[in-house]
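Every chain is named by a letter (A, B, C, D, E and F) in the order it is written, and numbering of its residues begins at 1.
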Amino acid sequence: MRIPERLIVGVLGACAGLTILITLGILYTLASEAVVFFSEVPITDFLTDTQWTPLFTEKHFGILPLLAGTLLTSFIAIFFALPIGLTIAIYLNEYAPRSFAFSIKPILEILAAVPTVVYGYFALTVVTPFLQGFIPGLAGFNALGAGFVMGIMIIPLISSLSQDALYAVPKSLREASYGMGATRLQTAFQVLVPAASSGITVSVILAISRAVGETMIVAIAAGMQPNLTADPTVPIQTITTFIVQISMGDVPHGSLEYRTIFAAGISLFVLTFILNNISFWFKKRYRMKYE
Amino acid sequence: MTHLEAEIKNLKTELLDMFHLVRTQLEKSRESLVRLDKDLAREVMVNEKRVNAFELKVDRDCENTIALFNPVAIDLRFVLACLKINSNLERIGDIADGICQFVLNIKMEPEKDLLEATRMMEMFDTSIEILEEVRLAFENEDTRLARSVFKKDELLDEINMNANQAVAEFIKNHPDRINQSLYLLSSIRKLERVGDQCKNISEEIIFYIEAKVLKHKSREQKQA
Amino acid sequence: MHKKLEARNVNVFYDQTHVIKDVNLAVEQHSVTAFIGPSGCGKSTFLRLYNRMNDLIEGFRKEGEILIDGRDIYQRDLRVEDLRKKVGMVFQKPNPFPKSIYENVIYGLKIRGVNNKNLLDETVERCLRQAALWDEVKDNLRKSALALSGGQQQRLCIARAIATEPSVLLMDEPASALDPISTSKVEELIYELKSQFTIIIVTHNMQQAGRVSDKTAFFYLGELVECDSTKKIFTNPTDSRTQDYITGRFG
Amino acid sequence: MNKVTANRIKDQAFRAFGLFCTLFGLIMLAVFVGDVVLKGIGRIDLDFLTNLPSRFPERAGIFTALMGTCWILFLTAAIAIPVGVSAGLYLEEYGRKNRFANLVEINITNLAGIPSIIYGLLGLELFVRTLKLGQSVLAGALTLALLILPIIIVATRESVRAVPKSLREASLAMGATKWQTIWLQVLPASVGGILTGVILALSRAVGEAAPLIVVGALAYVPFAPSSPMDEFSVLPIQIFNWVSRPQQGFITNSAAAIIILLMVTFLMNGVAIFFRNRWQRRVKW
Amino acid sequence: MTHLEAEIKNLKTELLDMFHLVRTQLEKSRESLVRLDKDLAREVMVNEKRVNAFELKVDRDCENTIALFNPVAIDLRFVLACLKINSNLERIGDIADGICQFVLNIKMEPEKDLLEATRMMEMFDTSIEILEEVRLAFENEDTRLARSVFKKDELLDEINMNANQAVAEFIKNHPDRINQSLYLLSSIRKLERVGDQCKNISEEIIFYIEAKVLKHKSREQKQA
Amino acid sequence: MHKKLEARNVNVFYDQTHVIKDVNLAVEQHSVTAFIGPSGCGKSTFLRLYNRMNDLIEGFRKEGEILIDGRDIYQRDLRVEDLRKKVGMVFQKPNPFPKSIYENVIYGLKIRGVNNKNLLDETVERCLRQAALWDEVKDNLRKSALALSGGQQQRLCIARAIATEPSVLLMDEPASALDPISTSKVEELIYELKSQFTIIIVTHNMQQAGRVSDKTAFFYLGELVECDSTKKIFTNPTDSRTQDYITGRFG
C-alpha cells in the first residue's frame, strides 16, 4: 500500500474510532456521576424503594416507580403496534398490489418521522380528550393516551422492518408455496413468517427499545408524577421524563439532584443496552441463515 | 445407470442381434451351397431385407444417440465403433446373399473335388468361426480375443491365394464347367472379404476399448 | 395416447406486450416435453399457464384455452389451489422451505389439513424414494433442508412437488443452478418419473432437452415454431429456424 | 364446508383486516394533522414567523426557534456527515477483518439504540461542562451530531454493502487500488443511499427536543443566534414549552408551530424518499 | 462463422482432397494396366499408404468434431456422412491398389480382345467418371447430380454381368491364359465395387442434405 | 511454444482447509486452456492465483510459485496493481460499471492517469472491435452500459479487460449467466482473441470446454488430475476419473 492510501485509511479509521470514544464518553459520564450518587444513596434503596421524591424535602430514591411508568407506557405502545404493524407487513407483502404497497410504505414511514413533541401534543390535545369520552375518570395526563400515541409512532418501525424481513425471504420460497396450492394466508404464516422470524423479532425488540427511550410524548402527555402503578388511567412518570423535568429547572452542577439524572440515565442505559444486544444477537443469527 | 448407459447397452444388444442375424445368414448360405438347396438360398435372399432394415435401424439409433446424448471419450468411441461394425456386418450379410445368388444361378451341385481343391468349405467354416469369435470379443469387450482374429484371417487369405490356382487347374481339366468355376471363384473372393470385415470389426472393438487405432497397421503392430 | 394437456389458440399479454402468440400444443400423458428457445421467447410464461402461476403477475392477460384432461383450467368455478395440487412445479433455483426435510415433503398435505401421522410418514418415504433421495436422508429427516447440497435440495423440491400426487410436473430450468453431477442426477430422476407423471421442462441447455425429453417444442418470439419428437428435432427439424437454433447458427 | 373453502374464507378475511390496519395508521395521522391544521393555520402569518418570543400568546413568534433550528441543522450536518460517511466507509471497506472493526461494529449497533436523552446527558457533561462550550448552538449541534452519527454510519454501510461484490472485483481486477475502487465505483454507486440516510438523519435531528433540553437549550431566548457560541432554542422546544402552558392561546401557537415543524420534516422526508426511489430505480445490476 | 462451421468446412476440404487422391489412384491404376507399367503400379501401391493415412486423419477429425462440438441436425448428418464417405473412398483406394497388384502379377500385356470383350476399359472410364460426378455432387451439395449416379452405376453392373460370360469364352479359346483371365475377372468385379461405393457415397450425400435415407431402396424409390 | 504461465508445486489453504494440492501446470502462450471439474474442486481458486484476487480473501495462504513469463508474481517487490494490468479478468456475471460504455472501456487507463483524448478514443474503438461489439454500440458510446443486454455486457467486460493490453485473460465461467446465443458469441470471441492473449477459462459446461479450448485441465478435490489437449481429453483421457467425469458417470 502506498503512502496516500495509508493516510486515507488512517483518517477513515480515526472517524470509526470516534464512535468508540462516544460510547466511552457516555459510560464515563454516566458512571462517574452515578458513582458519586450511589456513594450518597445506597444502591439497595435505589432498587427497592417504592418512592421517587428527589425534589421533595423528604427524599426517596427508589427507581421502581419510574421503571414502572416506563414499562407501562412501552407495554401499551407495543400492545397496539405489534398486531397492527405485523398485519400491515403481511398485507403489504402478500396482498396489496405492488404499486399500492410501493407508495404506501413511505407514507407509513412518515408516522415515524413526525417529531415526538408533535405526538405529545396529539396525545394531550386529541387522544386524551377523546378517550375521556369513553373512560370516565381518565386523568388529563395519563399513560394510556401517551402509550397509544407512542404505539402509532412505532407502527412503521415494526411494519417496515418486518416487511423488509418478509421481503428478504427469497421469492422462490413464496412461489414454491403457491405452487403447492397454498393460499396467501397459509404462505404468509407457514412459510414467510417463520422464515423471517428473526427479522420480525428484531423489529419488535427495536420497537420496545424505542418506546422505553421515548421522552417527549410522555413528558407532555403522561404527567410528571412518579406513581408505582399498573393503572393506565392515572398520571405517571418515566425515567426519561424525570430527566427532562430536572433539566428544565436550572439545577446547580454538582448537586445531588443533578446527579439523580445520571443515576436515572444509567438505569435507562442498562435497560436499552440489554434490549439492543438481544436484537443484535437475533440479527446475526438471521443474517447467517440467509447467506 | 444414466440414460446414456442405458442407450449404449441397448445399442450393444441390437448389434449382438445383428451379429446373430448375419451369422445365421452365413450358415444358411453354406447349407444351401453344400446341398444346392435353392429354397434355402431364396430364404437367405429374403432375409437379406431384414438385415438391411436392421442395419438402418442401428444406424439411426447411433445417430440419435450422438444427437441426443453427446457421448464423449469411450462412449463416443463405442457409438462410432457400432456404426462401423454395423456396416461391416451388413456387408457380410451381402456376401451371404451373393453366395446364395450364385447357388440359384448354377445348374448342378458343385463338384466335390473342386470344392476340396479350393478348400471352400474350410473357408466357409473358418469365416463363420471368425465371425463368432468377433461377436464374443465384442460381447465381452475382450481385446485379446479380438486380436486373435488377425491370425485366423491369414488362413482365409492363404486359401484365397491358392484358390486362383486351384480353379485354373480345374478349368483346364473341365473346360465345360468354366461358368460354375468362375462363380465359385467369386464366392471364394467374397468369403475372403468376410475375413477382412471381421478384421475390421476387431479393429473397431480394440479402438473403442483401448482407443488404439489398428487400422492399416501390419499384423506385428496390431499384436503389440 | 391420451392427450393430457392441451393449449388452444393461446395468447398472453403483459399489459400491452404480446408475449405468447396463438399457440396450439398438445402434450401426451406420461411423456417428457422440453420447451426450448432463446431467452425471453415466452417459455416460462407458457409453462406457468398450466398452473396459473402467472395469475400472480400484474398486467397478465390470457386468451384461448388451456385444458387439462379436457377441462379448461381457467374456468371460473375451478379453484386455483386445487389446480396447483394437481399440477406440481419445480423451480430454477432449489427452494426448499427453511424447515426440516420431513416438513418440506408434507407441506402440501398439511396445508390441506392432513394430519394423520402414519399417512404423512408413508408419504414422506414414498416421495423421497421416488425422488431418489431417501437413502441419502433417511437418517436425518428432521435435519434442516437448507443443510442439503444444491442437488439434494432440488430433488427434495421434486419430492415435495409429488407429495400431493399431481399428475403433471412443471419444471422451469430445474438444473440450471446445479453442477454437472447434480444435474445428471436430476435428469435421471426426470427420466424415471415420466412413467407416472406428465412432465414439461423448460431448459436453456439443448443437450439437456436431448437427454431427457420425448418431445421438444421450440419457441421463438412468443410463437411455437415446431413441436415434434426430440429425435426428429435434433436430427432433422422441419423449420429452418429450429435448425438454426439447435445448431447454434442463430442471431 | 370443506377445508379448502375455509382456507379461502380466512384468506379473504385477512385481506380485509390488513387493509384496515394499513389505513388505520394513516387515518390517525390524517386526523392529527387535520386537527392541528384546523387549530393552528389561522395563527400563521409573517408576524408569527418573524416575532421574538413573548409572554403574550398573540405577540409571540417563532423567529428565534426557527433560526436556532437552522443553525443546529447546518452545524450538525457539517459535523456528522464527513465523520459518519468516513467511519462507514472504513468499517465496510477496510475494517472487515480486525478486532477493532468488530468492536466498532457492536458499538455502533448499541449507539443507534441508545435513547436520545442519554446523548443529552453526554452533551451536558462533555460539551457544556467539560469543554465549557456553555449552552451554545455548538454544544447542541455536537450533541445532535453524536446522536445521528450511528444513523449515518449505518446508512453508509448499508448502501456501500449493497454495491455488488462483482463491481468491486471488476475494478480491482482492472488494477485499480482499493481507494480508487472506493472513490470511483463504490461511492458513486452508493451516494443515493448515503444521501437518503443523511437526510433522514437530519430530519430526525430537526425534530429532537429531549437531548437539547438536557443540554440546556432554552425556551426563552430573546435573540436569534448569530454565532455558534450563542444561546439558542429550536422549534420542538418552543412547542414543548407552549404546549405545557395552560393558556389556550399558547396551545394555538404550538399548533401553528407544529405546522411549520411538520412542513420541514415532511419536506425532508419527501426529498429523502425521492432520492431513494430514484436511486433504486437507476441502479440495477 | 462459428467454430463448428469452420470445422465442418475443414472436414469438407479434407474429404475433397481425399476424393482427389483416390481419383488419381484410380486413374494411375488404369494407366498402369493399359501400358502394363509396373513402376506406375508400384507407385500406386506406395501411395495407397497415403490414402490409408488420410482416411485415418479424416476419421479422427470427424470423431473430434463430434466429441468437441456436439453437432446436431444437418451438422451431425454431415459429419456422419463424412465418416462413411471417407471409408467408401478408402475402399476405392483399396481397389486401385488391388488392380495394381494384379498388374504386377501378370506376365504380359493383357489381350486387347479380352479387354474389349469384357469392356473393362469402358468400365474403368465409367467408374472414374462416376467418382468425379459424386465428388461434384458433394462439393456443390447437388442432390440431383448425386441421384444421377444411380443410373450410371447400372452400366457398370451390366458390364460386370456380362464379363463372366466373356471371360468364360476367352478361357475356352485361350486355355493357356486362364490365370491372367481370372485376375482380370477379379479386377472387373472390383471395378464394379467402385460403382457400388459411389452409389453409397451418393446415398450419404442425399442423406445429409435432405435427411432422406435411400440406402437399401430400389432405384425407383431413390429417384423420387 | 513459450510457457506463458507456470505453477510449481502450488498449494492453497483457506485457514485450515487445503483446497489446492500440489499443482504443477504450465500454460502456453496464445492458447486457450479450460479448467473443468466438479463444483468446489478449486478451479476458481486456482484461476484467481494468477492475478492475486485471492489476496483479498481472509485466511488465504499459498505455497509454491506462480510464474508469469518466468517471474514469480508473488514476489514482494511486485505491485499487485501492475500485475492485474497485465492479467485481465472476466467474471461469471457480467459486471459493467454503472457508467457509459465509453467510460467502462477506458476505466483501466484512467486509473493510471491516461488522459489523452485521442488515445482514449482509439483504445475504445480498438477494444470494442476486438470484442466484436463495436458495430452494435458505436452510435451510442455514451449510453449506460447497464442498458446493454447480458451478452453485450459480457463482451463489454471483455473489451474493458483488454483495454489495458494485458497478455493473459482469466475468465471464470464467463458465459454461465448467458443464454445460448450470447454464449456462442462469447465463445467465438474467445476463439478469436487467442491469437493475442493467453486465455484461461473456468467452465462448468463440458461442451464449452470442448468448443473453445486447446487444452483442458481437469481438477478434482483440489488436485490437478489431468491436463492435456482438449481433443485427447474428450476422446481418450488417460485418467479414469477424467473419463468418468466427462462421460457423466461421476459420484
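Heads up, the rule we're going with is that a contact is a pair of C-beta atoms (placed from the backbone, for glycine too) under 8 Å apart; a residue touches a chain by one contact, two chains touch by 3 or more.
Source: prediction; values computed, not measured.
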Chains in simultaneous contact with chain A and chain E: C
Any chain in contact with chain A as well as chain D: C
Selected pair, greater C-beta contact count between C-E and D-F: D-F
Interface numbering overlap (same over half, different under half) for chain C and chain F: same
Inter-chain centre distance, chain B versus chain C - centres from mean C-alpha coordinates, in Å: 49
Centre-of-Cα separation between chain F and chain C, whole angstrom: 35
Chain B and chain F, separation of their C-alpha mean positions in angstrom: 52
Overlap residues in chain A, where contacts from two or more other chains coincide: 183, 186
Interface hub residues of chain F, defined as touching at least two other chains: 184, 206-207, 210, 234-235, 248
Overlap residues in chain B, where contacts from two or more other chains coincide: 2, 4, 63, 67, 70, 72-73, 76-77
Listing of all chain pairs that touch each other, if any do: A-C, A-D, B-C, B-E, B-F, C-D, C-E, C-F, D-F, E-F
Chain C partner contacts - residues on chain F that touch it in the complex: 38-39, 179-182, 184, 204, 206-207, 245, 248, 250-251
Interfacial residue positions of chain B with respect to chain C in the complex: 2-4, 63-64, 67-70
Residues on chain F engaged by chain B in the complex (per definition of touch): 206-207, 210, 234-237, 243, 246-249
Chain B-facing residues of chain C, complex: 184, 187-188, 191, 207, 210-212, 230-231, 234-235
Interfacial residue positions of chain B with respect to chain E in the complex: 49, 52-53, 55-56, 60, 63, 66-67, 70, 72-73, 76-77, 80, 83-84, 87, 164-165, 167-168, 171-172, 175, 178-179, 182-183, 185-186, 189, 213, 215-216
